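Input: structures, listed below.
Next, two complexes with chain A in common: one pairs it with chain B, the other with chain C.
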Partner chain A sequence: MKNRVVTWTLAASALGVGFGWAASAYAADTVKIGLIMAYSGPFADTANQMQAGIDLWLAEHNGEVAGKKVELIKKDTGGPSPDVAKRLAQELVVRDGVDIIAGFTLTPEALGAADVATQAKKFMVVMNAATSVVTEKSPYIARTSLTIPQVNYAFGKWAVEKGGVKQAYTLVADYGPGHDAESSFAKGFKEAGGTVVGADASPVANPDFSAFVQRIKDANPEAVYIFIPGGAQPPAIGKALAERGLTPPKTKLFGQGELTLPEALESMGDTAKGIVTTFHYTMERDDPLNNAFVKAYRDANKNRSPDLFSIGGYDGMHLIDAALKKTNGDTDGDKLIEAAKGMAWDSPRGPVSIDPETRDIIQTVWIREVKEVDGKLQNVVIDSIPNVKDPLHGAAK
Partner chain B sequence: MVGQVAVILFDGFAFGMLLFVLSVGLSVTLGLMNFTNLAHCAFGMLGGYVTVVLIRSMGVPFLWTLPAAFLAAAVVAVVLERSIFRLLYRAGELNQVLATIGIVFVAAASAAYIFGTGQLPIQLPAFLRGSFEYGGQRFGLYRAFLSAVAVCVAALLVLGLEHTRFGARVRAAVDNQRVAQGLGIDVDKVFAVTFALGCGLAGLGGALAIEIVGLDPSFGFHYLVYVLIVVAVGGLGSIGGSFIAAALLGIADVAGKYLVPGLGSFLIYLILVAVLFVRPQGLFGRR
Partner chain C sequence: MALTETRPMQARAWIRRQSRWSVYEVLFWLAALLPFYFMPTYLTLASQVAIAALFALSVDLILGYAGIITLGHAMFFGLGAYCAGLITKAGWGEPLTGLLIAGAFAALVGWIMSFIIVRVRHLALLMITLGLGLLTAELANSMRWLTGGTDGLQGVDVWPIFGRYDFDLWGYTAYAYALVVLFLGVLLARRLVNSSFGLSLRGVRENLNRMPAIGSPYRRHLQTIYTISAGMAGVAGALLTQTTETVSLDTLSFQRSADVVVMLILGGTGRLYGGILGAIIFMVARDQLSDMNPQYWYFWIGILLVVVVLAMPGGILGGLARLVGKRGA
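Let's turn to the complex of A and B:
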């Protein structure tokens, strides 16, 4: 019943708004992009960095995609709430008449908006929301960020085969992405012959890690694998580990890249040396495209460095631009998603492409180690695994 | 095993002491002045940002930033007390709650605007970093420092309120405002100073908290729940009560996560319910 009402509302408004909008939009040669993100609340920093990535791309391209002026309409979800995201997506489609919906800092936002994209047949670009299942929720979704299993499954194998570790203890944040990370790392790790000697989940908003770290110390494993959201937690856990003497090279520390973001490294200091992380984007990687991107980003953002959210937004804009060029500016959702499938380009993060089957991103997974370079701690790339697909999409079929 | 118990007690006590410094000011204002100040942790955040700015932009040593954080929070508290809060003293609890939570929103938005939404890390001086070894177990130096500061704060507060003239005035003003006024005590001023003291302590707590839990614009909301739990369990207006409650909750939190990680951080809520069930006025509450 509810669905039918939505459909009718959308259909009716598409008729009503559609004509007026089509005339004005094409005549004025603008493309309206609706952005749904958590601009306020505890995840506001994520949205800020992503917006800065989007803005940088636009600034570098005269504010145009495929020769048309871009009009951004920003909607704030305030946090991980699917119902708000759905309502905002409806508003964007019905009231603002957007051509494309994009953004999505958090998985619940993307899941909430997916139905609207399907019903309204709008191209939807997910620029972060890293849970595997997101792209399966609507045939109009393409993703330009990463999936957590993508970077962690390959990393689990790498830890045994090249990292030389046989047993590990895992500690992850107790929420969807944390469980995804734990299971995919453990899967890769076990398949390559390693054993997981213990697994704990810490509360998502965890002010103090000392108890969990003590449990790890009691188990005395060869290595520890950690997944926690960025922000206050990486330095907190880094310091708690250092207080117990759980630091490389004695105990190897593995994690996803959030663990060693620049702010965390600054706060952890020398104890961070030797931590090995897996990520799809390494800000410090020496590559002409990346160096130019980092420099331009810092110039535009008071010297703040880009991170995974920035690159997700930046590449998301590239995908929109490239897909629109392929359709000659036609913003029809079916045509745009067809154009996006198989699209490949060189991003500052390395070579990427959109998987024609899953509409998810295929990219290089970088393995990095924290080292001191010119007196500053940095993530130095020590290995790479090219063309990694999300391992879960295949498994679901 | 003994060593592990010692480590858990030590870590839990240190975390509890952090909660104590953050919450004791609220216990004082809530218990002594009957004023529900949900913006208490916003003053903690202010103290934290003062410390961060002094260290990062001016290179002031960490220890010197602590009194600065206390003073800054206290001064801002006096200004706000004189301008906004005093209007609310007789306004009823609901109005106090609504107005002060509104101030937290304003503080969070201002902090995000001025300092950005990201984390602002600080680097501690070398003598507070790392750990020392005792009996085969490692203990964090900063946690030891934190515990020492908190114990000093508690001792000073007890001495100040129980054994000085000012403390006597505060207690008199709380017991019966009209009589106290009749005896020539400037109740307005006493309350203003008490309020500033409470908020200053929150500022100090915020500065001390950066190293353990980090600092971002949502600090004022994030620790409000913990602080309210400490005050409720300890009993309003009781400094000793806040101290014991904070230590108990800190140790329970760490021990709970260590022994039953599945239960995780839920244990302190169970304790809250259990204590309030038996003693609705808190462990050391008088009313």
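Let's turn to the complex of A and C:
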């Protein structure tokens, strides 16, 4: 210990850069949770939202899980880099001595850290990272977010069975999540008897949608399924579709929740009316638990609304708390993951549980339609599909 | 540059003097062993510092010595990383041969690219390296069947070194392995720059037009050093793959190309150890600063960069060397 401080002092002065370094005392009545997320870089906002969800849960519970004080150790990956995530996980285990590893806004981060969780036998809670395969990478992983196939496969079936659509055209962003969304929606859609009349992929960054939309118009489908990243793209595609008359009710528009997040709805305006989306969390859903969550979140975050990352973090903390209570505060990885299996609770998003076999979340998929409520556009829940499992687990092998 | 000697005997003596090991160098390598004893919980960080240092060294060879400015060198780092990962997926997880194959592959691509590189200078060079880097990254993204796309390559399995030393959780093997490879890289780089070949590279950097005039085939020299540099960057990438058993698109990213240039500018270009020192400062600062504030740590790196560039034009090593009153530590 002394040597380390001395060496560090020497190193720091030699480099001409001073760093503060303090070891925190280890106490048995605290639980150390290491958070690995992309706090900086282009994905920083998702990490902020997740952190706010975690902080809100802690604030509501006196900063304690299972009666023990929580110490959060935050580590920044800066982006989708599994090598950095793996190193950070190793450091969290060997240097900081954490009991639980959590966070993971991006899939590569979770995949990088998974090996460490296995080697060190640490409970690992994935609070976003939505690629199906993540939970299969380590027997110590449980996930509290969603998988893209989970919400889209069920949605594809719903579109035929209840949405009354027989043929659809798909347009997705040309990257991993986009392809996952396209394949799972198309799978559900075809299994229920629908036909996909065309599939297209647009660039992830700064696409010009006019050519893509023109191709959709030429194909003249009954419905269009869209998956694009949130931010500036939803309004852009909304506008492009409206310009060519491809709007509901003439042409049905389907998508995953990002398409109609509140910010997107604001800039899309009336062209958004009638868009049907699928998601695991609907902020506007009228439910006492959800209303309280949304209100508390807005109060704590300068009126910013919670999103899927916030709810992932919030429920992740709940899972850690509940699992620890079940083990009577024992932080042993094997015991915690056993405790987490089959755990069920009521979340602001609806009833959820952890699948005992895949350690992935089972939850209600909400089908929402954009409608005008009190002069404001909102996602109104029009249907729900309860207890949806990820359809890919086991199927990939 | 005190290259005033003209007679061959003096030139040879000058080269020999330059390639002598200085006491600072010996001290540096001894200090590199310290983490094993005093900071065992920092070994995984130390291994990634060593990898970044090797990468920075490879860029220093072309940027610092030959004057080839680049914003796309992560291309070779990433090619090496993916190559090493794909070899293990094909069923050959032996690390040492994997390292060599990955390095050779990156060098081969570097050699092909060098035909374009030597034809342009300055801003055009910057644009071409940047463009090639971005193209490679996008190519890897679209070849999902091979690279795993945004999720990264899955199923990388590296065998223990010599069949004995497994890559452990603490990072003992990883750091020892990375350090040895870095040392070999420095030996090679020392030999290269302290030779007539190295001098002719500096000649290209200082005055391109005079080199053909004195009969030096500068294009061939530039191609050679670019190929070597690409191979070294590939080895660094392969090291990262092997020590972390992960590969992602991030290895090819523009961010990595830019970071390595930041490291070089911090440490000082054209000094071999400048890139290494820059890598140490950058990675350690990143680690410590992001612990203090995970959101805004890059701010401090920016401040550091501005201060170094304004106060010490030769980088931190250049500044230190001036303090010691001796050129090139």
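By our rule, the second predicted complex is superposed on the first by the 364 of 397 C-alpha atoms of A that agree within 3 Å, B and C clash if a C-alpha of one lies under 4 Å from a C-alpha of the other, contacts with A are read in each partner's own complex, and residues count from 1 in each chain.
Basically, a residue touches a chain if its C-beta (ideal position, glycine included) is under 8 Å from a C-beta of that chain, and two chains touch if they have at least 3 such contacts.
All figures in this text were calculated on a predicted structure; none of them were measured in a lab.
> Given the touch rule stated above, what does A:G176 touch, chain B (first), chain C (second), both, or neither?
second
> Tell me which partner A:E266 touches in the superposition: chain B (first), chain C (second), both or neither.
The first partner, chain B, only.
> Could you tell me if A:V94 is touching chain B, chain C, both of them or neither one (first, second, both, neither)?
second
> Determine, under the contact definition given at the top, whether A:Q119 touches first (chain B), second (chain C), both, or neither.
second
> With the two complexes superposed on chain A, say which partner A:D83 touches: chain B (first), chain C (second), both, or neither.
Once the two structures are laid over each other on A, A:D83 reaches chain C alone.
> Go through the superposed model and pick first if A:P108 touches only chain B, second if only chain C, both, or neither.
Touch status of A:P108: second partner only.
> Just chain B (first), just chain C (second), both, or neither: which does A:A44 touch?
So A:A44 meets both chain B and chain C here.
> In the superposed arrangement, does chain B or chain C reach more residues of chain A?
If we count touched residues of chain A for both partners, the winner is C.
> In the superposed arrangement, what residues of chain A touch both chain B and chain C?
41, 44, 48, 174
> Which residues, counting only chain A, touch chain C once they are in their complex?
The contact residues of chain A facing chain C are 3-4, 7-8, 11, 15-17, 19-21, 37, 39-41, 44, 48, 74-76, 78-84, 86-87, 90-91, 93-95, 107-108, 111-112, 115-116, 119-120, 131, 133, 174-177, 179.
> Show which residues of chain B lie in contact with chain A when the two form their complex.
4, 7-8, 11, 15, 112, 116-123, 129-131, 138-140, 143, 211-218, 222-223, 226, 253-258, 261, 264-265
> Touching chain B in the complex: which residues of chain A?
My answer: residues 41-42, 44-45, 48, 174, 200-203, 205-208, 210-212, 214-215, 218, 231-233, 235-236, 239, 242-245, 263-264, 266-267, 269, 304.
> Quick one: in the complex, what on chain C touches chain A?
34, 38-42, 44-45, 48, 141-142, 144, 149-152, 154, 169-171, 240, 244-251, 253, 255, 280-281, 284-285, 288-292, 294-298, 304, 316
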